[in-house]
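Okay, so subunit A shows up in both of these, paired with subunit B first and subunit C after.
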Partner chain A sequence: MYAQETLKASKASKVKSLAKPKIKLSPVEPYLYLVPSFIIFITFVFYPFINTIYVSMYTTDLRGRVKDFVGLQNFIDLFNSPAFYNSITITFKFVLMIAFPSVLIAFILALLANNKLKGNRIYETMFSLPMAIASAPATAFWSMAFNQTNGIINYVLGQEIQWLTNPDYALIAVSIVTVWLSIGFNFIFLTVGLRNIPTELIESVSIDGANYLQKFRYIYLPLISPQMFVVVFINVIGSFQAFGQIKLLTEGGPGDSTNVLVYSIYQEAFKYGRFEVACAQALVLFVIMLCVTLLQFKFEKKVVHYD
Partner chain B sequence: MTKQKLTNFTLSITCLIVGLIIMFPVIYATSLSFMDSSEITQYPPKLISSSPTLDNYKEAFETVPLMRFMTNSLVMSVGITVGQIITASLAAFAFVFFEFRFKKILFLMVLSTMMIPGEVTIISNFLTISSWGWNDTLHVLIIPFMTSAMGIFLIRQYYLTVPKELLEAARIDGCTNFKFFIKILLPISTPVIASLSIYSFIGAWNQYLWPLLTINDTANRTVQIGITMLQSESASKAVILAGSIIISIPTIIAFVIGQRLLVEGMTSGAVKG
Partner chain C sequence: MKKLASLLLLGITTLSMLTGCSSSADQTASATSTAVDLVFWHSMSGTAGTAIDELVEQFNNSQDEITVKAEYQGAYDDALTKLKSSALGNSGPDIMQLYDIGTRWMIDSGYALVLQDLADGYDFSSIEENILEYYIVEGQVHSMPFNTSTPVLYYNKTAFEQAGLDPESPPTSLEEILEYSELLTGDGKYGFSMQVYGWFFEQFLNKMQLDYVDQGNGRDDSATQVVFDNNDGARVVFQTWKDMIDSGYVVNYGQDGTAVIESFASGNIAMTVGTTASLPTVIAYVGDAFELGVGYYPSVNADDKGGISIGGGSLWAMDKGSDVKADAAFEFIKFMVEPQSQLIWSQATGYFCVNTETYKLPEMIDFLEANPLFAVAINQLQESNNEAGAVLGVFTEARDAFEENLEKIISNELSVDEAVERLTTTVNVAIKRYNASAN
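And now, the complex of A and B:
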């Protein structure tokens, strides 16, 4: 009661000293710990970001040097371009085709590996192995499997699907590779989460006669939710940024069917030398990701149990 | 008891089959890398070579300087990993254990970097490092990536579970904040550091576009670009697969070791009540 009133009073009068923790410290100390990170962020993220905004309002020459100020004309051109809308649609499809399947698969794998079997470490290594493979070799492996005439996938399916050259399948193929690449990280992350659930808790409900489904519903699911949230978040952000496997597998094609925003940005800048268009697209991508992230943070408060 | 044994057996078999499915692309590619160029294009596709050959591996090493590429990638990946752990732990320490002005804004700034894809800033960054004459060096591959918002975020999530009273108790015992960070906080956060290390190392090894843009000199190329070179200079797909497997071995080894550290970290640093 008293505490509540104090809190109200401190809020009302904005007396900041009441809200401060008991630990006293030199006022510059916390900033010092932030200096190394912020030097890098300012030089290689914030400055180039602002520079990107600057470039997006100019025309550029083929070497990326700004020429004439055009204001918002580059953005107006972009929003009048059907190819750009296509790129945005593909990006969202791609993100959905990766984030949820890969987290779901990884969660099932984490539950499978969360037992006290002999040789459990071997299974863990097998489940998380794709994480150790870089996108270029993964692309080489999968493109063999996707081969139309003698690839193992078509052979097993009894089909002759042109995985990488048919616009209806190329995005699926790229998504499969990306999901495969991300399973390992998600698995490890969720396994750590499951391991951190106190064994006493699981043992005590087992003694009370809880079956696996009940344990899943009342112990694993609520206690894993912080890790679940973080891992979905990382996957959504990661799939917005996917590039290597798209470049190496399909180069945005066929017929722009895998031309996600990030690939489009790369293409405009380094293939066509239209740096100002690339910068404008990059800013649109930034705004989309910002919205998604804000939504996720709002959502976090509703679903995550931290204690 | 026998019922328990049966359940365990079924579970083991399930795990094994699922594990083999997950690993299949790697196993399949490894098998194909021992085939000659006629066998690899056969229909129906063969799973195992009837006359295995090492020629593809020999050709991969002869076509491009693979060992040099691997050394470069290793220097880059270790540099980035160590850098990220140091800077991210320090930043997370500040964000969790201190109250200071602009804390929220600074933390939002960190998170905002997570929403700025490397491809947004890569053009501008390329122009910056070119103006400094950093092209064709190894440090250009390391320095821009020496911190990571994701690292700060992950370590922060972990530090949030550490009771603040621990720092207060350490201070009462005459411990400075920095000493608390080094002697107490870092050792108990091995699980998150281990998982971040694996992630950073793989991520760095995985880097593709930045090394492609900044390095022209063959001597400073990384493995990912090396593989691209192999693709343009070798006709046989089996040679590309052989090269792809060679460049994956260091990460697989690092990963198996890293995973062991991760498990140890979890058992020593896990919630002890």
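And now, the complex of A and C:
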């Protein structure tokens, strides 16, 4: 009897355990799941980052190996160099000249494409096309367009502007290319955002007699603000890191008028072989980008409408 | 438990995938023990790259002990970067082609062997003296000149005739070029344009017989500072350049050398300077549009007496810790400068024949008769007054600094004196840093 009882109980518990298996994790197991991604992160993110800090406090020899410890001397040299401040100013100018125009233009295009018209699809494809073009071939095409004597831009304008050789125009020219390159990506994000706005909302304000501007101000703008934030954020980060078009169009020149921080890092490390200076500059760029990112997230809470 | 084991396996597999690439490379190297396999890094693309492959194939077929594998590694700067990273794993090349201005760095870095030490009994006398002397530093031949060029003046003979100038006597100094330009300018066309390029500055100093740096222009010992500020060379070149552009007869296309050549070929400018290596390109661009002339590279002042120095690249035997490989590398280098090899090379690319014996080959004699423009450059080189040019570890940066400051003078951001001061400071700081890392 007693034995039967226990058997029953054990059976019940067995049934129970089958229905709801009790998971007992070994304390190491969760970490093991992380191993593959951790290995990749350590190799390609953490190790290079720590190594950058390490190299920035040393000098390097002609083969690029670390040599003598110099503490913060590389940073002191950097902050005493007028060329470095010039690079920082140009970087900020460059970011402002790209992040906002490219979002604005993409937004206008997205609003235009949002009107249900015939052949809409064709326009949408056209507007997002620059995204499919890598920066190198795009640059090749633009450098021909910018050519002072034979380029199409000067031909259309009827001018002889030295787009890439005059320091007053070079940064503008590089910005135009970068804006053009990022429009497609921004356009797709913003179009998706506009599509996700519930039609009921738009219909109901239309019935209330709202005109386009009012719809834009009270419906589109607030409801697209999350996408807008993401796009601005990605463009700001992206323009801090822009390199290909500068290397191929101007090589930081004429003079040093397009020598943004990323190009200057490349130049120090790979042209002049001064890896320690490049590492110090990379860390300064990291701090700048960190601050900008934090500021943006602070700003996000005020303007972005999540609903 | 089973799960744990499979997870561990996954971890191990990922690890071995990440490290796997490194172990497979060594196995191929040890496959053959009697023959020597050499890796040759070069920076020649396009037709020059094809010519290199052809020469390498000829060498491999000519004997069966050494097999050379040519690998294009991008422009010289890129190849240098790759060399630095490969040397940590000892996977770098056995022979390397490097540009003229990398000479000092290659010596100081210790990557390469001194060529003269390998050249036991080799007779350097057939190598063009004016070329070889560039690669003699501290009394020793460090590398073998291979692709050599010099700057020359390109001019439009048809435009000269139309302006009433003698098409057979091109200008020889910047002073004269400015006078000619006045006559050649008009109707949307300009007399002259010159790429903003640090190499031209070095050549103008050679023409004025002024040094670039101290220590015998860097040839007796490592340079410690520039001298172009004290000998007035930088100021004269900057001022002349600026005056020419301000005259309105000379146009500036910045650092873009291709734009200058295109503009010259389309007849927008009547004269320009450029390297001999672009002669085939210029000939192709110009076509039948006008009659092309080639003259000597101009001096700054009419009474300058100096010559020009060479540019281009040379072949280095790399230190891989193996005498067998080093000797094999020298065999290959020797082959690359043989008269017959240089004939193929020169005709395919427009570079000079570094071997004077090549000029005695009937093919070369015929070629020069059919293409007299090539002969001008050769004469200029052979008449050069032993201007070996400067040797400096930081030439890349020095050229960048020259170009940056010149552009700032042209756009009126800096006065000539300010630019000289800035250029001097930048290069001196770079030299100091370089010497500190070299020692």
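Everything below uses one rule, namely that the second predicted complex is superposed on the first by the 268 of 307 C-alpha atoms of A that agree within 3 Å, B and C clash if a C-alpha of one lies under 4 Å from a C-alpha of the other, contacts with A are read in each partner's own complex, and residues count from 1 in each chain.
In this text, a residue touches a chain if its C-beta (ideal position, glycine included) is under 8 Å from a C-beta of that chain, and two chains touch if they have at least 3 such contacts.
Predicted, not measured: the structure shown is a model, and the values here were computed from it.
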item	value
Partner chain in contact with A:Asn166 - subunit B first, subunit C second, else both or neither	second
Which superposed partner A:Tyr33 touches (first subunit B, second subunit C, both, neither)	both
First (subunit B), second (subunit C), both or neither touched by A:Gly64	both
Most subunit A residues touched (candidates subunit B, subunit C)	B
Touched partner set for A:Leu290, first subunit B, second subunit C, both or neither	first
Which superposed partner A:Gly273 touches (first subunit B, second subunit C, both, neither)	second
Partner chain(s) touched by A:Thr149 [first = subunit B, second = subunit C, both, neither]	both
Touched partner set for A:Glu251, first subunit B, second subunit C, both or neither	second
Shared subunit A surface residues [contacts with subunit B and with subunit C]	29, 33, 36, 40, 43, 64, 149-150, 270
Subunit C partner contacts - residues on subunit A that touch it in the complex	26, 29, 32-33, 35-36, 39-40, 43, 59-65, 67, 147-150, 162, 164-168, 251, 253-256, 267, 270-274
Interfacial residue positions of subunit A with respect to subunit B in the complex	20-23, 25, 27, 29-31, 33-34, 36-38, 40-41, 43-49, 51-52, 55, 64, 109, 112-113, 115, 117-138, 140-142, 144-145, 149-152, 155, 180, 183, 185, 188-189, 192, 195-196, 198, 226, 230, 234, 237, 240-241, 243-244, 247-248, 262, 265-266, 269-270, 275, 278-279, 282-283, 285-286, 289-290, 293, 306
Residue numbers on subunit C that touch subunit A, as the complex places them	3-4, 7-8, 10-11, 14-15, 18, 77-78, 80-81, 84-85, 87-88, 105, 108-111, 196, 252-256, 259, 262-263, 266, 268, 393-394, 396-397, 400, 403-405, 407-408, 411, 413, 430, 433-434, 436-438
In the complex, subunit B residues that touch subunit A	8, 11-12, 14-16, 18-20, 22-23, 25-26, 28-29, 32, 41-45, 47, 86-88, 90-91, 93-94, 97-100, 103, 106, 109-125, 127-128, 143-147, 149-150, 152-154, 157, 160-161, 164, 167-168, 171, 177, 191, 195, 198-199, 202, 205-206, 208-209, 213, 223-224, 227-228, 237, 240-241, 244-245, 247-248, 251-252, 254-256, 259-260, 262-263, 266, 270-271, 273
